Amino acid sequence: MEANTLNRLNRRLLKIGHLISLFLAMSIICLPGLWVVLSSLRPTVEIMAKPPVWIPQQLSFDAYVSMFSGAGRGGIPVLDYFINSVIIAASSTIIALVVGMAGGYAFARYRFRGKTAIFVGFMLTRTVPGIALSLPLFYVYARLGVIDTHFGMIMAYVALNVPFTVWLIDGFFRQVPKDLAEAAQIDGCTRWQAFWQVEFPLARPGIASAGIFAFLISWNEFALASQLTRSTNSKTLPVGLLDYTAEFTTDWRGMCALAVVMIIPALALTFIVQKHLVSGLTSGAVKG
Amino acid sequence: MRRTYLGVSIATVALALSGAGGYAQELPGSFEGVRLDVKLIGGQQYEALYERIGEWEEATGATVNIASKQNHFELDKEIKTDLATGLINWCVGSNHSSFAPQYPGIYTDLAALLPQEEIDAFVPSTIEASTLDGRLVMLPRAQYDVSALYYQKSLYEDEESKAAFEEEYGYELRPPETWDEVKDQAIFFADPPNFYGTQFAGKEEAINGRFYEMLIAEGGEYLDAEGRPAFNSEAGVRALQWFVDLYEAKAVPAGTTNYLWDDIGQGFASGTIAINLDWPGWAGFFNDPESSKVAGDVGITMPPKGSAGEYSAWSGHHGFSVTESCDNKEAAASLVWFLTNEESQQLEASAGPLPTRSAVWDWVIEEAADDPFRKEVLTAFQGAAEVAYPVPQTAAWIEISNAVYPQLQAAILGDKTAKQALDDAAAQATEILEETGEL
Amino acid sequence: MKAWRLPAPVLLLMPAFIVLSAVVVVPLFLSLYSSFTPFRLTRPDSIWVFIGLDNYIRLFGDWAFWTAFGRTVLFLAVALNLEMVLGLGLAMLVEKATRGQRILRTMMMFPMMFSPVLVGFQFKFMFNDNVGLVNNALQSLGLTDQAIPWLIDGNLAFFAILTAEIWSSTSVFAIFILAGLMAMPREPIEAARVDGCTPWQTFRYVVWPFIMPFAFIAMTIRSLDIARAYDIVKIMTDGGPAGRTEILWTLIARTGYSDARMGLANAMAYIAILLSIVFTLIFFRQLAKARQQVGAEW
């Protein structure tokens, strides 16, 4: 009897402890984000106040209103940046997935010479720091005439993401038993049909998880974008953030408002696919 | 030659202005079918002006293609990239007096493309600062920057602290006129961590620029007549020691060596800084209750003098340049003129930034007749503009800044003595100048 | 007669090859070449002057460079390990939660939505000594009456940057480790409990070996992607003050663009690439080992 109560008490304490630590952890994660949201709604005088103002006194959507009110009236071409970002991040993610599927399938299903070396080589392209790449890449792009174009940005991000998508998707295809596809082929399917009807559906969660990673990386990338984009033709949101800094002044509130605009789509997308994301990663990369 | 021309008196400028009417028919001119690629500085403060581009297109029949619009530092990076890859295939670019010497030879002499009267209508010192090796490489827009001293007025009205100050320092408490007075008062007002006497931008070109103007005010020179670094002089040590003393006395925020301009401005607006040497772009911000706690309590005066009696008045300005490789320089020069003419400058200056044409100065001061704060601001900055000087005109200025500022920081933070830090910095700067072939 | 065709794997890998060589490999050769020249951006002709290994030799004697190099290695080692530990804790907390998994997982990934540039600005403001959130909070709570110079003191600045980096990247570890925890079969844990293992022993000998590969994958991804930290450091301190937080990437970027000495900067970058290759290879090794271990059990 005694031991039982103690046990129950113990378990309850553990549970409360767990809830508290979960709450603390989530607060630490979310607070800086909430602070950005709050900063976008408060006048600067309150954000920078000393002694600090902890409880917001006045909230307004001024920063958002002026953000969309066009150049010259405190606005920056957010809509252009937003559209560029969507086009560039979405297309580069899709292309990186297709290329990654082709590559991953090759690594998973075929034997060929130098496989490991090629694989590691792919990965190592990702270790090159942006600064070593930016000027020569600019040079190559300038010769090809794709500076400040969507195409140029999309290609750059595909290259950035391909090593990763190949890796994740490769692991996933390995998971799908070879026999399944072979059985389908015996049943009269072509290899192509077998791929689409048997292997692809099974690998879908892995592809989704590779996709969300690729999307987030393209959506937030700054170093390459600042070098390869120059005008509203192709400037993306992270580069647009700097429009709020002038030579001597920074509009912190405006910047926060733009940050919120940047985060919302990424958050929504993650929320939608997070289920696939976890199950996708679960076995995708590990068994490769 | 240039000297005599710069010596023109205000009267001649006024004369020239009235004469400029004759050229109005020729400018902006007609450039049917011409297409100009331009690179502009982006950001809210700068973009209102670009709506005027449409008017110029209508007036001349030419079209303008904005090939790029970037933040100040990104634009600098971009122009260097273009230079390196041989891609100067555009006509008009935004430029800045501190950065201009880095792009040797890519910009053409505007004096050859525009009537002299138009050029004479600008404030002479800005034209001088825009002239490199005898070539007028840029035409200044109404984005002129020189610093003036902002302070919290109420601090100087409090009888108790007035008495206490006079008791301690032996002279009356009033807005400072010399750097020694700034030091006394900053230490007097400071109450860390809640309140600081003053602050300074502590890194990159910002601290080097502040050190440079202080050096001039102390009677030193940054580069000597032969272009050799000369800032490790006695005047240099005095200048740097000012920063060190304030830091040691905790009269400036402890983080000041990591501050850039935006931190400085936000700091003064937060009401925790007594005296603040800062740029004109902040005047409206400081006096706006939406953004600043000291709104209504902001006083402004000329920048202080150093022990040599010189003002510290390092200045810079934005402008537009025409490239040497441009196919249609006349059209490009016309656009540059249009974006810096009286109407354009009035448009920009009405939002707060300082003009660079003498007539527009008069205009803004007249406009501010009913606004005592704005009038005080304009008077202080006009005074500062008259004694202002640009950074040393060496292509390596930014590179030297990058080598010098960590040394200045080391002295301020107490890692080295002022003399030692300056000697080390001078050695590095000399090395840079030797490598670039300037020495 | 059958038409001659490229073998399937070649065909399949072709797109990846083309993209990677156009965007990475070719530019890389260009920058390798320029590291053997005194190339200055503002003097385009200087790219034709070949000076052999001069840039590298100069770097070998450059104390500032090696200090930055050492600091970078230390930064990486500390950041990656702490991120792994914290990610593990976070993942276990989330995995234990009985309700609201979907929301929790999304929240857990929240920092991944923040562009590193933004993370830099955000933490720079938070750690501001005068009006920053951290000092304000500490002073309001009465924990200190000093303005702590977070971004000035060498150690504190290192800590501040580390905090920003860890905040932004722990998610990557957490999400992978969470995936591992969820894939973990229940039986071994039950068996361990029946055998009378303490929770710690169960974790150490049953759970950890299972999730280790996941942790290493995250580690590899992070080490591949580590240069992201550049954006954060650049904005928070840009290597200062007085070089106290200089890391390789800030040094390279300043030398290359601000000073316009691209040749020298590229030589530095090549030494930095070697560093990341070493890190990456180590993790790949570990990963392969861990996979074999798990593979045996599966």
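Going by the order they are written in, the chains are A, B and C; count residues from 1 in each one.
Here, a contact is a pair of C-beta atoms (placed from the backbone, for glycine too) under 8 Å apart; a residue touches a chain by one contact, two chains touch by 3 or more.
Owing to the predicted nature of the structure, the values given are computational and were not obtained by experimental measurement.
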What kind of graph do the touching chains make: line, ring, star, complete, other? complete
Using C-alpha centroids, which chain lies at the maximum separation from subunit C? B
Between A-C and B-C, which chain pair is linked by the larger number of C-beta contacts? A-C
Please tell me the distance, in whole Å, between the geometric centres of subunit B and subunit C computed from their C-alpha atoms. 39
So, what's the distance in Å between the C-alpha centres of subunit C and subunit A? 15
Multi-chain contact residues (two or more partners), subunit A: 48-51, 135, 139, 242, 252
Among the residues of subunit B, pick out those that touch two or more other chains and give their numbers. 77, 81, 84-85, 266-267, 270, 272
Please list all residues of subunit C that touch 2 or more other chains. 41, 130-131, 262
State the interface residues of subunit A toward subunit B in the complex, per the touch definition above. 43-45, 48-51, 71-76, 135, 138-139, 142, 148, 226-227, 230-232, 239, 242-252, 254
What does subunit B use to touch subunit C in their complex? 77, 80-81, 83-86, 102-104, 192-193, 196, 202-204, 253-255, 257-258, 263, 266-267, 270, 272, 395, 398-399, 402, 405-407, 409-410, 412-413, 415, 436
Per the contact definition, I'd like the list of subunit B residues that touch subunit A in the complex. 39, 42-48, 50-51, 66-72, 74, 77-78, 81, 84-85, 87, 96, 145, 194, 261-262, 265-267, 269-272, 279, 281-282, 285, 289-293, 318
Per the touch rule, the subunit A residues reaching subunit C in their complex are 18, 21-22, 25-26, 28-30, 32-33, 35-36, 48-52, 54, 98-100, 102-103, 105-106, 110, 112, 118, 120, 122-133, 135-137, 139-140, 155-156, 158-160, 162-164, 166, 216-217, 219-223, 237-238, 241-242, 252, 255, 259, 262-263, 266-267, 270-271, 274-275, 277-283, 285-288
Help me check something: in the complex, which residues belonging to subunit C touch subunit B? 39-42, 44, 47, 128-131, 135, 139, 145-152, 157, 237-238, 240-243, 254, 257-262
